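The two complexes that follow have chain A in common; it is paired with chain B in the first and with chain C in the second.
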Partner chain A sequence: MSASKADAVVATPTQPPRKQAPSGARRASKPPRKPSGIVKSVTPYLLVAPAILGIAFLLFYPVVRNVMLSFQHYRFKQLISRSADYVGWENYQAVFKDDEFWEVTRRTFYFTAINVVAIMVISTLCALMLMKLGKTMRIVVLIGLVAAWATPVIAATTIFKWLFRSDNGVVNWALVKLGFDYEGYTWFAHGTSTLTVVTLLIVWQSIPFATLTLYAGLTTVSTDVYESARLDGAGPVRIFSSITFPILRPIFALVTSLEVIWIFKSFAQIWAIAGENGPINDVRTLPVYAYQQGMSLKLFDMAGAISTITVLILVVMLVFYFRQMFKQEREADK
Partner chain B sequence: MKARTLKRIPLNIAALLVFAVSIFPVYWMVLTAFKPAKDIQSSTPKFLPSSISFHNFDTAVNTPHFWDYWRNSLLVAGCGVLLALVVACFAAFAVARMHWKGRAPFILMVFIAQMAPWEALMIPMYLIARDNDLLDSLPMLTAIYFVMTLPFSIVTLRGFLGGIPVELEEAARVDGCSRFTAFRKVVFPLLAPGLLSTSLFGFITAWNEFAFANALLLNKPEQRTLPTWLNSFSNGLTIDWGAIMAASTLFMLPVLAIFLVLQGKVTGGLTSGAVKG
Partner chain C sequence: MKRRLLVAAGVAAALTGVAACGSDSSSDDNKKESKAPGASAPAAGNGKTVRVWLMKGSAPDDYIAALKTKFEADHPGAKLDVQIQQWNGIGQKITGALASNDAPDVVEAGNTQIAQYGASGGLKDLSSKVNELGGKDWLTGLSDPGKVDGKTYGIPFYAANRVVIYNKDLFAKAGITTPPKTRAEWLDVTTRLNTGDQQGIYLPGQNWYFYSGLLKDEGAEIATKSGSAWKANLDGAPAVAAAGFYKQLQALGKAAKDGDEKTQPEVLAADGGKIAQFIAVPGEAETIIKSNPALKDKFGFFPIPGKDASKAGATLTGGSDLMVPEASKNQDLAYDVIKLINSDEWQSKLAQATKQLPNKTTLASAVTADPGGAAMMEGAKNGFATPNSPNWASVEENNPIKAYLTKVMTGGDPAAAGKEANGSIEKTLNTKN
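Showing the complex of A and B:
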């Protein structure tokens, strides 16, 4: 593409110079406006300038500020005096020496892994099921999925707190009816049970997007391929592993990496469920840990270091995601 | 034929199970909202309404500042998304219709911004807001929602613009329209559905946002938005679950309405933004 030319829009070979003539004729009827070349070459930059300014000030500046913060001594005193000294790698050294940090990091990775595996397995099964269902049942399932998808996160956390109430929650009632000893069980008193509720919540909310995306991918596979495989005697497992999965591998990879990123940085669900009255110290993941260090303990410098580490881990995941995305774009272009 | 119907039974049972699990929390919220207090507190839950009461909605609507929260949420989400839409429209036009140096890096920047780790930026954002005396201020939150929804808006509008043939615009310009008039009279009407669905998706994002509203609007109760209020409402000491479920139902209504408006576009729109760009 001849983007280097100032007037590339007109100069591309697919557009013969016929465009010049009418626009010239139109200009002639008005007072002569000479520097149309400069105006044209500046226009795209003027059009993207507001977007660039917005992203620079409200996204890149906070990222930079975060990195700066992680190299400063910035606590409650500095918050008041509004001036802070640089202390080099001190905060990072303190963070890496802290057992708590390693515990939280380990928990974040486990938490992400369990959620993503659950989401991908259930969504794949749901998408395959949608392919086989009749029209009415398919619409019924889609209505259910959209209802879960449309629920705002904070409405969902509120509902789940109510579902898992110890005294009159419907989940305990159902578990007791099924013969389990859950009479008056306090879900939000222990770390593991609270994380179980958070996991159920996140899986419940994430399945619609993953299922519908995978289902959209499945519908693009031609049915002839399945027919001939079935004629050759392949069973459903064989068909999935040898045909469906290889064809849909790019979409699987994309959805998986998106879910990994989304769940790794999830904050609202954990904070809303356990932030104020719950066992937050036993359920916190990296973003929650950073927020807590900053807002509750006023250790802004430590929060900065933890957030920067979190961002760096996410960058590694993002690189993987972008590689998948561009690979798929190239394949789509073929 | 009979064997096929038999084979379908487990499949349909599985489908009903997925439906039930997906919709139950939402059903339970709405049901609780309409239940009289004695039904909510009873130790055996009632799965069908015995009598419908609007008492819970009455309690929710009459909590202090209830309408302030609605006004704040609408204002913050509405202004943020509108701003994002205008700015994204300019940028998407430059990306889809013009050739210029730096176009590819710009697109890459938008993609990166779309995946921004906002959840890890609350502390620096809090300090920035504090340094500029913008804590407890709705404009600050509006600005954040603007940048949060901007990348997605640029990506989807670029996709929609790409679907409108350039020839239409060229024809208008041959007929003597300026570039701007051609855009306004030819492209804009065709782009309107795209603008609508993009803005509605952005609106949902901003309407539901909790983390920044929670971190930046701490001190003045009348300056809060609905999600932060709803969360603190359900963390109180004496918890009126009927009123909370009524408030959650009201809070969810606009989002549900938007999903119904968008229907088929829901999957297409989100995936074209998130996956293919």
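Showing the complex of A and C:
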């Protein structure tokens, strides 16, 4: 959905290279072939067909199936008998009547907001720092970022779970050494402390992508602009707010929207940390709630309704967002 | 709503009928034979393979090998293929198997799990076989959870309940000659054993099996049915008292307050004799000794102490049942496997080999000679089962009692935490399928 838009957005600050690339490609493909009409018109479709089929099978089919499920009465019995009745909006009505759903939805929004703000602030600072660092340190930091990014989600989650163990976790040990009363503190006993750990984990996992993207954007801004700003007596804060941010606004917008998607749909971290022994009912967000209803309670229909609602919320948020963005872009072009 | 449900049920019934017909065609000849007079004659083999799923640790390898030899001798041409399953993620695996066209023929499942599979329509109704199998002597802790609406879907396999396993050396060193018989004595003994780097008891904060026994001793159950609705009881005075005792006992060791008993065998095996007691089924002692032979002959057993000395603490009956999926293609042979395992001879053999309780009260002598078995029998007298609802398995799948216990262990208000857990349990149990 966002791929083509993403390309367009990324391309804005780096226009010259993009303009060259396609023309070069066209020139290369022109001379040798003289295909006939039909072959010429069919070939591109044949070439993309496998990709389209793959996406249709792996993405569209499950989505359609999920939406269908949400309009059926589909539970364990129906799974075994393989027949289910359509019940209209019954599942949606049940979901909306449930206080649990609203509590979870509220938590999902707060959780997303806190995480995205933290990620964007820290990543921006990291990216700005990278610009100022000398070559060696910059490479060291980049390696660190890439390593954090390359750590598989479940591996990272398991490591965090160990770090915060109550009996022999490194975090409690360090806090005790520093003089805090954290002897045997159980991080995963309460909703707030569990969510704190999950937030730390997710922010840590997200920073590399955001930082590297913003850093890539920063490197495209011509140094002349900064120099003249500095000559005019602008301080670092002023430079950022009046030059860097406005120029890179599309990149900031893109990274923010990607992070919103990423956090809103984050599941593995929360489930792996709190699913089995933690206070899962106090920390579940919408995707976790959908999974819980479907896989644990075998209410596949409710899970279908909740996940469809989750997708719709995301779409609405992002459509609103993209419209805003394109409006700004159009104004900027005038 | 109601009519729709009826229609759904009708369609479901019709479809299962179709499915059953489909799978019968391949075993038509077996059908005829088993319907002939003398229905107990073994079903014919005809080159068929009977697939049996047993859980890890349910039966030792040589028992399985002997069972295979015996079954194949009785059914010339048939093959018995026993596949050992891991506990982790077994629920989803069985669900998938029941919904498939290619289900195994016999499946073992935990006694608290059967009802949901039975209610789903994925299991063969075995009610007509109960008499032939001697069902009146079955342990009710195994046979009751195997029933849904009076129909039997699970045939008792074996039972086990939790006892206290103690380190005999550490007890002797502390001068304790008789195991505690009351909760007060137990706390006293455990406090004396909890010195230095030695732990009085290794009790993870989330052992809800143990907790539900304490609750039962206080006169309450996790959930009770009044009318058509379930009500959970984790916020009342009995629950507060049970949680209070658990917390006191738990503090006399170093086990994590936010963990369950899953890694207990590994902890005990790595321990090297610094843990004085732990709560487990007696068979776990064997598992621990296998990975750390230095602990051989160190373990003694006593039943979980009751509130007073008159009787042992109540224990949740754990164990397994055997079931035949509706989608099995060899249902007659599957039943013959169950019949063989259910026979007195093979039940006694299994009990002696695994130190678990046989499925019939009449076979108790097979284990009482063993100290672990004796302690287990003592506790089994006061045994009970989880709430008999097809939805109970869903409660366990996402067990709110664990989070509740951790909250209480870490100083939370037991009544408030209990109320929260009640809400979750009631919602799940009262969900209509």
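Assume the second predicted complex is superposed on the first by the 282 of 334 C-alpha atoms of A that agree within 3 Å, B and C clash if a C-alpha of one lies under 4 Å from a C-alpha of the other, contacts with A are read in each partner's own complex, and residues count from 1 in each chain.
The rule is short, and it goes like this: contacts are C-beta pairs under 8 Å (C-beta built on N, C-alpha and C of every residue); 3 or more make two chains touch, one makes a residue touch a chain.
Keep in mind the model is a prediction, meaning the values are calculated, not measured.
Touch criterion met: A:S166 reaches chain C, while chain B stays clear of it.
Once the two complexes are overlaid on the shared chain, A:L297 sits against chain C while remaining clear of chain B. In the superposition on chain A, contact is made by A:L79 with both chain B and chain C. In the superposition on chain A, A:P279 makes contact with chain C only, not with chain B. By the touch criterion defined above, A:H190 reaches chain C but does not reach chain B. By the touch criterion stated above, A:L254 is placed in contact with chain B alone, chain C being left untouched.
In the superposed pair of complexes, A:C126 makes contact with chain B only, with no contact to chain C. Among chain B and chain C, the chain that touches a larger number of residues in chain A is B. Once the two complexes are overlaid on the shared chain, A:V153 sits against chain B while remaining clear of chain C. In the superposition on the C-alpha atoms of chain A, the part of chain A touched by chain B in one complex and by chain C in the other spans residues 79, 82, 165, 167, 276-277, 295.
Those residues of chain C that touch chain A in the complex are listed here as 4-5, 7-9, 11-12, 15-16, 92, 95, 98-99, 116, 119-122, 206, 254-260, 326, 391, 394, 397-398, 400, 402-403, 406-407, 409-410, 412, 420, 424, 427-428, 431, 433. Considering their complex, residues 1-4, 8-9, 12, 19, 22-23, 26, 41, 43-45, 47-48, 50-52, 54-55, 58-59, 61-63, 65-66, 69, 74, 79, 82, 126, 129, 132-134, 137-138, 140-141, 143-163, 165, 167-168, 170, 173, 204, 207-209, 212-213, 216, 251, 254-255, 258, 261, 265-268, 271-272, 275-277, 286-287, 290-291, 294-295, 300, 303-304, 307, 310-311, 314, 318, 321-322, 325, 328-329, 332 of chain A touch chain B. Across the complex, chain A meets chain C through its residues 73, 75-85, 87, 100, 165-167, 184, 186-190, 276-282, 292, 295-299.
The touching residues of chain B, when paired with chain A in their complex, are 8, 11-12, 14-16, 18-23, 25-26, 28-29, 32, 40-45, 87-88, 90-91, 93-95, 98-103, 106, 109-113, 115-128, 130-131, 143-144, 146-147, 150-151, 154, 170, 173-174, 176, 204, 207-208, 210-211, 214-215, 226-227, 230-235, 241, 244-245, 248, 251-252, 255-256, 259, 266-268, 270-271, 274-277.
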